[in-house]
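You will see chain A twice below: alongside chain B first, and alongside chain C after that.
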Partner chain A sequence: MVTRTSVLVVVGRVFVRAFLLALAVVVIYPLLWMLLNGVKSNAELFANPFAFPVAWRWENYATAWNRGVGDYLTTSVLVTVTSTVATVFISAWAAYGLTKVNIPFSRTVLILILGGLMLAPTVALIPLVKMFQTMGLYNSFWALLILYTAFRVPFTTFLIRAYMMDLPAEVDEAAAVDGASKSRAFWQIILPMCRPIIVSTVLLNILFTWNEYLFAMIFTSGGALQTLPVGLTNLMSKHGTDYPVVFAGMAIAALPVIVIFFAGQRYFIRGLADGVGK
Partner chain B sequence: MRKSTQLMTAILAGAALALAGCADGGSQTAAPLDLAKAPEYSGTLSILTKFGGDPLEPYFEDLAAGYKKLHPDVSFELIQETDQSIKDKTKTLTASQALPDIYFTWAGNWANNFIDGGLAADLTPAIAPGTEWGNNFGESALKAFEKDGKYFAVPLYNNGKFMGYNQRIFKELGLTPPTTFEELMSSCSVLKAAGYEPIAFGNKDGWPALHYLQQLFAYEVPAQVLEADFNPGTAKLEDAGYLKAMKQFTALVNACTGSGKDSNGVLYTTAQQALAQGKAGMYYQEILEFDTTSSDKSPLRKDGLGIFKLPAASDAKGDTKAIEGSPEGYIINAKSRNAALAADFMKFATSTLNAAKLSAPPYGQPSAVKGAVSEQNSTSPVIEGINQVNEASNAIIWLDSVTVPEVADAWLAGGEALIAGTQSPEQVLASVRSASSAAR
Partner chain C sequence: MTISNTARRPAVPHSVPKSAGRPAQEPTKKASSRRWRNLVWVLPAASLLCIFAYLPLMQNLGFSMLKWDIYSGRQTFVGADNYIKMFNDPIFWRSLLNNTLYAGISIVFQVFGALILAAMVEGLRSERWRGILRAIYFVPSAISLTVAGLLFYFIYEPRMGILNAALEFVGLGNITQAWLGQENTAIFGIVAMSQWQGFGYCTLLFAVALQRIPSELYEAASIDGVGPFRRFFSISLPLVREMSSLMMIVTVSGAFQVFNEVMVMTTGGPNNSSQVLGTWLYRSGFVRNDFGYAAAIATAVFIITLVLAVLQLRLSKHRRVQW
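== the complex of A and B ==
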């Protein structure tokens, strides 16, 4: 017998699935549109922007690659990997020191680190340019590495510290009783236990660094040092842009982040949810 | 990837402070550059270019390599930016007081900011018309960077705005390039009746409307009045020619374009493609666009791209020989220790050989050096356009860069309102007048 409740449950499920499907279309359609327009000609793109390509011009991807996207991708990968590794390790060390070790003025140190969250990058831009020029770091790989690490450490420390605070104190005590040094306890016990939040912060830092435009635009110039967000604008010109090549470049740029996000999404959600609960 | 308002505010504030600091309490132009002094061929020359990205990037790299071959002790630091990034980069470097020895500039208000801030070397003794170097350039190109009788930048390439038309379509319909605004409007009816979009137009970026308006203002407003009105300090903006020009523009949008009142939602590149694909009869464009619109793969290349100056009304009261367009150039930093060397490098960059190289593919930037654009390196519409710019009585700088940003913004909003039909020409002029008074 069909009851009123079971009908409501079915209607509810249909509604939820329809909503999720619509959400998926909203998210996936622009990506598909970008991929499809990346294999059209400029004329086709402007004549029928929503139609399927007449001839699939995969050579647009090769053109985008040869027009610098390959170099921008290499730079982006290098900057992203190095700054993410540096940020997460510095932040994890800091968080460990602030939660598991008795250090003098730890509260002041905490305020100093978290105070970095209040500093908008745009405010610091002009003194930073002057400082980096004086130090000979302007227009160098090191400039981006230092900036990305420095500006991400406060937030990453904030997240990891919140996670570490809820780890049972007995674990540290057991490690100490077994004769493990603080350093060994960090590397072999605490850090592995923080895997969900570490993966989450790694993903967040990758997303930030991969898409960052302001610092990359101001602190670098020329194809050899530019990252993807800035480099892709080089493919566009006021007086004539081959848009399918730009779309192909954008697709190449988006692909690594999408893959990484899907690969790590389980940890990402868990890490953040656990962190929020602290 | 759009830059935030925060960024612009912070940079502008910094730039304003830096320029104010340099200006020492008021407008302060730099002392003339001592070009009699022979340059020391050593050290590092830093250059901020707008040649970033493909295919322009190698041009300055090759120039630097060529100069280094002549003077091995000179090294270069190139900061190559694109259309998108050059404004933010220049503002940040200005605010950080780290402008390079040579840097890119547009003509008009942009260049004037550096001149007034004492950051542009006075090149008058070297490049003024009548000097050995100055004689290489068209006078209108040099005048684009003139202020109070002094010359402050080296024009590198020239540009101008023309109506491009499809020669095959015009021939089939028995049309000839119109010589008056009235003839242009009649040719629109013929094209429309034949099933073509008479004039392709897209104003999503705002400046395409300003380009029409500025050329029509030049035709309808007496030159001296127009010149005074660009400067908020002397502007009255009361001439009836403004209203007439805006009415002409509105009539053109409504009668000649396919998108009409919806043109504010159309990209200019869509309009460009409509002419390139033989769907539209005409498209108003810059010389720098000619080779893109009529690219090898486009049907327009086969049909033939013809150009003519936007025609003036038969009873126009302004300068009907004026043409809209301005060169882009390079300023030598007045505070540079290498100013003499920088001037020497710019002479090298504007030598006949390098000017011809700049005008030829893949760069295709029509050099401001006289005679550099030729059949050997440029297509016939480009040659015709450049010749007309060089012969024009006056080159009128783009409306969005000739005046201060507040007034330019008011014109930008006005152009969009005229297209959408939400404001009358009288209302637009009133809001521009009010923006100009506020900027005084």
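== the complex of A and C ==
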């Protein structure tokens, strides 16, 4: 029997599906347009924005690479790897100290570290510039490494701590009975058990550092020191008329994180979900 | 962000080996010095935060009361002058208005829109398609705001951009314009880009929250003949309410910290019409060379984000829904 309600439900379902697909196109098309523009010539770009490239000029990517994108990429990789490693270790230690070790003033320390979650980087910006100038670290790799680590530790500690709190208490007791020192228990028992959340935090920190702009822009000014987000704006202002090369640079900057996201999607989602409210 | 959990935990038991055979309530001198040595675990994190987050935060308050030329290094104490100047600065108010606009539009699309979208996606029968759509929608959030900003700069560009071309194609040629080049459209162009970039992130989080609702609730409702709309309003919506409140605060807090996309797309122009607090702070400090005034704007941002953070903390305390 075809009732009025069942017709409505079917129409509704078709409508929902069409909408979801249309939205997917709205998301993907601009990204595809970016990739295609990266292999066009300047003339083609202005002739018809929707047209496919006539000849695929992959050399645009090489040009972008040689005009600085290669250097920016190297800096980005270096800053991302070092600050991610530093952030995750420092946070894991702190999380361990806050959950499994008996420390004095533990509540004060907890509030001190997690309180950092509330601080917007812009608020500390002006004094930080002054501070790094005084220390002679302004416009250096160290400035970015230190700042990214300091501002990511609260969130990373928050995630790892929540995970450690849920580990069964028997684990600690077993370690204590074995007479394992706190540091052996951390490296050999607790840290390996936290692997899933460690992977999540590594991925989230890669995503953050790779894309960060405010600190990167203000604390570095020399070409070789700049990360991709800042470098791209340079590429734009220096060679602004050669648009396909700019598009190629944008694609080079975007692809690594998109690949990492698809490879570690499960861990990403876990980290993001736990981060907002478990 | 429940901070209170550990505080209520008994402080001693698990750190004292049970076999030691001494009462845990009377720690010996050795045990208490070991307890102090344990601080080494939290020392790196705590000192990083003290030096590079809390100290500059304090200094900022001091700086905001100075007239300070960064290049000559001359500093004079001017009391509340910078704040008075701020309250009389039309561009400060314009920036605050733009941030508020940003927050309002983002709540509509990235909280309510994303919630409805997540319900639509999770309502699909095919698990595979649910995964594919969630992933596709998230991709813009994985790329940087710089890339997304530049991309939309080109999309809005009058000669090569696809927006005007698409509008002409569907017969709306009369509304084509230089979207980022005009005072009344620039900020909306930026906000629109930001919705494109961020909605997938929120959709993903709502999808996770919806998945945590036991499916028996929906099944029972279906058997009772409850339609999809009522299922959404009577089951999904109340049970993800706390997630929605949290997302709202995170979104609003983010909207008051906007910097990257405005910098890349318009640098606050034309004629300061798309200026936000972050870019006005930057411009005041680093372009107009007025560090004291920039510090005063930073204090304003601090107060706004602090209020939002306290709200978020209070919400997360009674967050758990029982079902």
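Simple rule for what comes next: the second predicted complex is superposed on the first by the 239 of 278 C-alpha atoms of A that agree within 3 Å, B and C clash if a C-alpha of one lies under 4 Å from a C-alpha of the other, contacts with A are read in each partner's own complex, and residues count from 1 in each chain.
The rule we apply is simple: contacts are C-beta pairs under 8 Å (C-beta built on N, C-alpha and C of every residue); 3 or more make two chains touch, one makes a residue touch a chain.
Predicted model, so just to flag it, every value in this text is computed and none were measured.
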item: When chain B and chain C are modelled together on chain A, clash or fit; value: clash
item: More chain A residues in contact [chain B versus chain C]; value: C
item: Contacts of A:55 with chain B and chain C, given as first, second, both or neither; value: neither
item: Chain B versus chain C as contact partner of A:31, first or second or both or neither; value: second
item: First (chain B), second (chain C), both or neither touched by A:177; value: second
item: Partner chain(s) touched by A:111 [first = chain B, second = chain C, both, neither]; value: second
item: First (chain B), second (chain C), both or neither touched by A:68; value: first
item: Set of chain A residues, in rising order, touched by both chain B and chain C; value: 46, 120, 122-123, 125-127, 130, 213-214, 217-218, 229-230, 232-233, 236, 243
item: Complex interface listing, chain B residues touching chain A; value: 1, 3-4, 6-7, 10-11, 14, 52-54, 57, 78-85, 88-89, 92-93, 95-98, 269-270, 272-274, 276-277, 286, 288-289, 291-293, 295, 297-298
item: Touching residues on chain A, where the partner in the complex is chain C; value: 5, 9, 12, 16-17, 19-20, 23-24, 26-28, 30-31, 33-34, 37, 45-46, 48-50, 90-91, 93-94, 96-104, 106-107, 109-128, 130-131, 146-147, 149-151, 153-154, 157-158, 165, 169, 172-173, 176-177, 179, 182, 207, 210-211, 213-214, 217-218, 228-230, 232-233, 236, 243, 246-247, 250, 253-254, 257-258, 260-262, 265, 269, 272-273, 276-277
item: In the complex, chain C residues that touch chain A; value: 1, 3, 5-7, 11-12, 14-19, 35-36, 38-42, 44-46, 48-57, 59-60, 63, 117, 120-121, 123-124, 133, 135-140, 142-147, 150-152, 154-155, 159-162, 165, 196, 200-201, 204-205, 208-209, 227-228, 242-243, 246-247, 250, 253, 256-257, 259-260, 263-264, 277-278, 281-282, 285-286, 291, 294-295, 298-299, 301-302, 305-306, 309-310, 316, 319
item: Of all residues in chain A, those that touch chain B in their complex; value: 41-43, 46-47, 67-68, 120, 122-123, 125-127, 129-130, 133, 139, 213-214, 217-218, 221-223, 229-230, 232-241, 243
